[in-house]
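For clarity, chains are labelled A, B, C and D in written order, and residue numbers in each chain start from 1.
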Amino acid sequence: MPNPVMIGLEVHVQLNTGKLFCRCPVEGSDEGSFELSRRLKPTVGEAGGVDRAARYEEERDRSFTYLCPENTCLVEYDEEPPRSINREALNVSLKVAASLGCTILPVIECMRKIVIDGSNTSGFQRTSLVAVNGSIQTSRGRVGITSVCLEEDSARKLSDGGDQVHYSLGRLGIPLIEITTDPDIVDQDHAVEVARKIGLTAMTTGMTRRDSDSIRQDVNLSMGHGRVEIKGISRISQIKDAIESETERQMMLERVASTVEKRGGLSSKGFHFVDVSEYLRESGSTMISGGIREGKHVYLSRLNNMSGVLKSGDMRLGREIADLTKVFAVQGIMHSDELPGYGLSGKEVRELFKRAECGDLDAFMIVIASKAKASLLEKEIPSRIEHILALRLDETRYFSDQGRTAFLRPLPGAERMYPETDLEPFRLSKEEISSALDFGKLPAEDRIKKLASDYNISQQDASTLVTESKLGLFVSLSSVLNARYSARLILQRLPELEKKSGNKVSEEELRRLVAAIKERGLGELSLDASLDLLLKGLSIEEITRSPDIEPLSKEELAAIINEISRIQKQNNAGEMIASVKKRTSRPFDPKKLIEIAESIKK
Amino acid sequence: MPNPVMIGLEVHVQLNTGKLFCRCPVEGSDEGSFELSRRLKPTVGEAGGVDRAARYEEERDRSFTYLCPENTCLVEYDEEPPRSINREALNVSLKVAASLGCTILPVIECMRKIVIDGSNTSGFQRTSLVAVNGSIQTSRGRVGITSVCLEEDSARKLSDGGDQVHYSLGRLGIPLIEITTDPDIVDQDHAVEVARKIGLTAMTTGMTRRDSDSIRQDVNLSMGHGRVEIKGISRISQIKDAIESETERQMMLERVASTVEKRGGLSSKGFHFVDVSEYLRESGSTMISGGIREGKHVYLSRLNNMSGVLKSGDMRLGREIADLTKVFAVQGIMHSDELPGYGLSGKEVRELFKRAECGDLDAFMIVIASKAKASLLEKEIPSRIEHILALRLDETRYFSDQGRTAFLRPLPGAERMYPETDLEPFRLSKEEISSALDFGKLPAEDRIKKLASDYNISQQDASTLVTESKLGLFVSLSSVLNARYSARLILQRLPELEKKSGNKVSEEELRRLVAAIKERGLGELSLDASLDLLLKGLSIEEITRSPDIEPLSKEELAAIINEISRIQKQNNAGEMIASVKKRTSRPFDPKKLIEIAESIKK
Amino acid sequence: MDGKEFAEFGSRLRIEHEGQTLDVTFIKRDGEELVFKLTSGYNVRFSLKTVKILEELEKSGSFRNKSIDIATLGTGSRRISLLSTGGTIASKVDYATGAVKPTEDLSFILDSIKDIQDRMTLSAKIIDSILSENMQPENWIRNARLVSKALDHEDAVVLLHGTDTMSYTASALSFMFEKQKGPIILTGSQRSSDRPSSDAFENIEASIRFSLEDIGEVGICMHSSISDGRSTLIRGVRARKMHTTRRDAFRAIESGNIGTISDRKVSLSNDIKRPDEENAFSDKLDTAAGIYYFNPLSSAEDLEAFSRGKKAIVIMATGLGHVSERLLPKIRELTDEGKHFVITSQCLYGRVDLEVYASGRKLLAAGATPLENMLPETALAKSMYVLAHYPDEFGRWMTTNLRGEIAERSLIGGEF
Amino acid sequence: MDGKEFAEFGSRLRIEHEGQTLDVTFIKRDGEELVFKLTSGYNVRFSLKTVKILEELEKSGSFRNKSIDIATLGTGSRRISLLSTGGTIASKVDYATGAVKPTEDLSFILDSIKDIQDRMTLSAKIIDSILSENMQPENWIRNARLVSKALDHEDAVVLLHGTDTMSYTASALSFMFEKQKGPIILTGSQRSSDRPSSDAFENIEASIRFSLEDIGEVGICMHSSISDGRSTLIRGVRARKMHTTRRDAFRAIESGNIGTISDRKVSLSNDIKRPDEENAFSDKLDTAAGIYYFNPLSSAEDLEAFSRGKKAIVIMATGLGHVSERLLPKIRELTDEGKHFVITSQCLYGRVDLEVYASGRKLLAAGATPLENMLPETALAKSMYVLAHYPDEFGRWMTTNLRGEIAERSLIGGEF
């Protein structure tokens, strides 16, 4: 790598404490009973200006539709001010911060981070700086922790039609701890190690949410061309791919820039649209003719000195432009490096070269778009090309399904941060701080060891409980059940039953079932039986009322054994067990059965 | 006629004053934006008992659904107490009473008349006795007026599925004057004369509603077998048919009763149902097999001594029974006088005679009904037959589409009358009473003569305005327009235009249009033009803003004449008028046109 | 006055009026007028001066309501106590005054519960005969004691009650019962039971159906629609009468739906409180409380005059819970004297929040206690309970959610 | 305190805190704490004792809101006067106190009306800067005079107003304008305009669209749904804020919908009042009025104390308009002394009717005046107007429908 790469991470961890600023549960479906819709406007900020990222979003003039699932209320709809902060979530964030060696701020100010991509109904995300200046030890040395913030998670995007974006509000408001590292990470493998370590630290609180995207990473990366923030990496393994793909991209752009430079550089003045719709009306390109039929126009522009850098060899400047137009919901774009093609004939391409007044080293592009969109793009495209060729690459990108990073929006500035005036500062009590510091004394790995020994379970089980975010469930079940039994139930028994039945049991249901079984004075035998019933779809009320979960008494077992034996001789214990199972749906202890059977024989 | 017939009338006249106990207009469509549904219960009355008609309705256990058109409010839904009485309607009723020579009650008590056939959402009709003891002179002598009441009209029935009845509430609450005569009417022709005279008296108030059933008559008839009230006669000509049909029916029943009597009379004990569903399951009667498929049963009962009186010659006792079962929404009924038939074979009929244990003079009937219905009918049918054969014929009947009267329900008693506790008594001022008495001094015919002379219109026009309930409209238009013009507009011009365009203009629209034209300072010429526009579907706002209704000025007419004349010679006045009409859509006075044309020629 | 004295309600008389002789039934004397019923059923009202009573044809007697005492009803195992306090639901036309008045006859409910007789045993009792607008805390206490006594022996209590102050009573009962073995259901009617269209029949029927369920709360059961056939049981502390006349006047304000009945089928919500093992009842209430409706004419003097003699004042403030700055020094002063000001909103729907605007922060600083989305009427009843039980920790108890009087989540509901 | 005095809002400082050196922006001092903004944008709050200011890097200055004066806007012929009185709609975060306070900068409305600029000429003016909970009749009168003056010269007036007491102000204006040449539209917002999701933009835009119509009434224009894109104009005398926080908090109670806007298209109702030829305005109001919230704790003494110094008392009674019998002798006595008691219902929806029950008839007999379905807040404003104009015929004028404050017909509406 020619330039030294500086890498930092932002690790986001969802908590399962209930939502941060209302009393809704964190769990819920993405199905909603109704929708609401909003438009958002950027507002004049604290410094009298409007944030660049926010203004950028507004130019896209979008309308947002929100599906409202059951685990939402007026707070998520921005129809009620936030309620007081979820103190449990706040305390978990303190524990995480303490574990990462951070200094906890005793008075915490809640801020509004302006985000008008619609992912927050209010147009901002509430975020609080909880702690600063920590560090962790890694195999490649110390990595600084810049900050630990406690945020509310954003809405989940369901679909993006460009002008019309759909979100579901179920995720909005889930507490999210954001841990930001200094740019101390040396390479992609190191990044994975750091992400893992931070995640594990959070998970040892036992309060992290168990879901496919409950832990998400952003990568901050700089190769000397400005900071790039890559968002939305939900699997740790993707961190590596994202870093590799982005460094390759930046090296490629260095080559593109130097190529164009050598040819005499960019003349951004040269970029302007000519309407060639009439000429291409009869073209064989279905993209073009379809666009025209929908009322769009076809615009042509020369790209000075850019022949061969748009798409040729490993050069891919064309993709950078396409990423931009996609943001404006314009899909119809072609450039001369990929033409003839897409149904355009060689003759037509030659004519377009002529109409764009291209020299030998020049390329052209055509855009199929509405008039309004074109007038936006006529400014945005040359501006972006200029930025890229000047290697001013700072921006927000996302890691796409295609395994590469892609343009999302400009980097937001500090102007997007306002105070959250609906909430008083959160003042931590001494007890809250010292309890967090106590928790933080032990490194994450030691906490797992302690867990194993405290509960007398295996190191392996302890570790799995933590990394699968089942620690909280385990601790809660262990307060009622035998700990080893709880661990087996969570890690083996239940997954087996779920797999067999094809149904799932939520943590909440499991907790309620266990409590209900205990309340009826029944034990593990009954619990096993009741899990079966639960997975068959019976309600917990029905299960606890069911006679089928009551274990057979000694007398009942003896009676059955006698009856079975009268009919047919039982050859062995297995046969005996199977026979009893045929005669009753109620649970029994096989060992006890054998004992009784033997005592009867005697 | 063997017995002297005593006939009385109840004439019901709707008023166009706005509704009686709320502020809704009387006019409105039968289309509603929503529905509501109710069940009604008879309640213990003032005398500690429940009214017979009310209890009868309850045994039918029906649910009522009400369509709520725009001219209804919470009062019609029985969701708000009545508002104060429409004083104008009250005063009209006083005028009618005075015209009929009645004594007006100075303090009027509003009563609730319990009616739980669903025609009132409250379960009662508000009715007030306004005056008593009047009389009118007829060609056959004096006919007493028992009473004049002011009632609220009931809901209009849309459909009757037996158990499920649909009403529209648009008509509910329209003021209704009920004029009841003494039984002084001697025959059907006399009844028609009396109805006409009473109707005309009401119409001379100018406040009667103009609608197909805005005047309805009930006939009270007695031939010595109890009082029969025949409801729902909306055309005067039907009065005659109803009386004739009912007297014929009663004479027929006299013959039936005497026939059965001669055979040894009725043994009502003999009536009980035997379930013959099994036997008839394979019967060729689709009515029977279909009923069984729907889960109904087939019940058989003997009818002692009734062979040949059910349907034979002119005897029709069977129809009386069918009228009853229809009230209970049971259509499947057959009796032996009409069998074999309806798909039942001679063999089956013989078997049924046997199973019913019929003697030679006995008949049988079969009923296809649910168990619940059958148990009701097992009591109701013999009770009704017993009544009829005892010639206790008093009941409420209706005049059906088939031109005969049919059973509706028992006659209600005085127990159905409760005080309306939501309203204080209406106390009439001296002015109200004397103004009514003044009005009443002149007989109806003289009032029409006076109308003609007061407004200088023809006797014929005056009469038509009254009998078509257009008097109110005429008086109101005449306050703004020339009276003769108004009469012509109402009786000729508008009906012509309506016929031509196929559209209708409501009185309300006509009033508003005339007021708007006057407000713009325009005259009859413009009004004619604007009627055209109104019938074309323009709104009154659009019409008054339209330049097309402004009459051409002298100068404009002269200019057009000059232009026309330049192009082509106009041979006569008619040609001239036609030519001008081609050139402008604005109105002009043809006479003035000719004048100007002639002055130009000179 | 020629024999007019002997006439009593229901007598059959022969009278003469303006030259006419009429046979009538005597209804009542009203000042200088006499009201008679004609044989047609119409009532007429004649001046004393113009009417002459000729003779009494028949003495009064047959013309009386028959009062049916219901001791018990039904054959089922669930024991339900039906207690009547009066109100429209137990009202009849009073033929003497022409107005609707409480009746002591409960026979009208017989019909409507016939079909569920085998599931319960109902015992009915008249414990009061009062229109609910005349109810006072002493009535609450008296009735609550009777409810408590009933619930000691029976499985559920249905309380017939006037609708005007039903939600106040339901709130008070909610707080007075810290624990309850079964449902306490208040029901009433918006149309009196002497009308064929009365909602009384169905409301009682629905209440009895809810009484068969495992519910450990105080609720109000009424129509949930202007159509018959649908009823709802609303948590007493979240119910409010929102319409003067409609059958579906009672609404769960933003939350509080315990259950619904549609076509005679009961369905219960998820978050209801189930019955306790035993009753825990207190009949202590402190009446030194009141509701102050803030408006632009409110002044410090006004508030002071209103607060005199009271320990707790429920302010119905505007919007998020604001009052004018003009009142703040007085609130501070009275708070320092030991009075309590608790804040609800005259909007009725939605939560108060004194941290959003400067006005709110100042009101907080002045010592007022915001009550989230507690209803003003509920706040009044709760103040009375808290004053009597926890006078020294008034603010803390008022803001603690004791009976579901605070809706923790603000959901999008039917009306709001 | 080592140089902390010089720091002013917006200064860039280098500070030391617990051994760390930080470059920050100074925001404010709050008691014993200092608030700084970090370069990341987060604010931190340090104790005076633990922070040390090392040096001032840059003076404050660039860090200020730019105030844009709008003299006029648009090129159309319809002249609209936009008058701002304050409230959330004209509120911004006050970075000094951290609270939302009225702003005097109206620039935020520029964007939202660009597309209708050629249809009207808008002139904007700040006439007050007050949160509506602090509004008093003197504000109403002062503002009404300015509205009247504006309407003498312009075709329509849009009044930006806080939502808390907006319906009171709208009612007062309705009565003060016996005739009006054009619409007077009050609008506000439930989310302040410094939020991207604020409803201020759309509410002002909608108000301006309604201003283009031929309306001769005072109305309140707000969101009609929690979604953007739909607004409603409600007759001022029938509007009520029914939710503390929702955008669609304002509702036409049973009637009063003047018009709606959906997707920028205006549609008007049939029964609206069209503009008069001229204005007829009176600024006389008598403030000797109040609202009394009847409840089971209300006593005669309580009512008497409340009534002192008042000429008209609006009682928010229960149900159909009932109060306890206990109050009746006092009402009779005070009425005889010349005070006026007018009856509205705390149900808010539905009509009062004192003829149905005995309680009501007694209250009528005691001298109270029932106000049909007039809203309590409207009744208060109307009392002030009638006391000032027709003191000798108070009852007659109160029950006469002057501005549509009585809904003649009770229809089935959206919520009720």
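Brief remarks on what is shown
Basically, a residue touches a chain if its C-beta (ideal position, glycine included) is under 8 Å from a C-beta of that chain, and two chains touch if they have at least 3 such contacts.
Please read all numbers here as calculations on a predicted model, not as lab measurements.
The two chains most heavily joined by C-beta contacts are C-D.
With centres defined as mean CA coordinates, chain B is found 71 Å away from chain A. Separating the centre of chain B from that of chain C, both taken as means of CA atoms, is a distance of 43 Å. Taking each chain's centre as the average of its CA atoms, chain A and chain C sit 52 Å apart. Along chain C, residues 99-100, 226, 244-246, 320, 350-351, 353, 356, 412 each make contact with two or more other chains.
Annotation for chain B: residues 74, 77, 79-81, 421 touch two or more other chains. In terms of which chains touch, the assembly is arranged in some other way, matching none of the line, ring, star or all-to-all patterns.
Residues 35-44, 46-48, 54, 63, 74, 77-81, 103, 105, 107-109, 111-114, 116, 121-124, 127, 129, 133, 147, 149, 413-419, 421, 425 of chain B are the ones touching chain C in the complex.
On the side of chain A, the complex with chain C involves touching residues 22-24, 34, 68, 73-75, 77, 79-81, 421-424. Remark: chain D residues 320, 350-351, 353, 355-356, 408-412 touch chain B in the complex.
Within the complex formed with chain A, the residues of chain D that make contact are 18, 20, 33, 35, 37-46, 62-66, 93, 95, 98-100, 107-108, 111-112, 191, 193-198, 201-202, 225-229, 244-247.
On the chain C side of its complex with chain D, the touching residues are 88, 94, 97, 99-101, 131-137, 140, 162-165, 168, 226, 241-246, 249, 287, 289-293, 295-298, 301-302, 305-306, 308-309, 316-326, 345-353, 356-359, 361, 373, 376-377, 380, 384, 412, 415-416.
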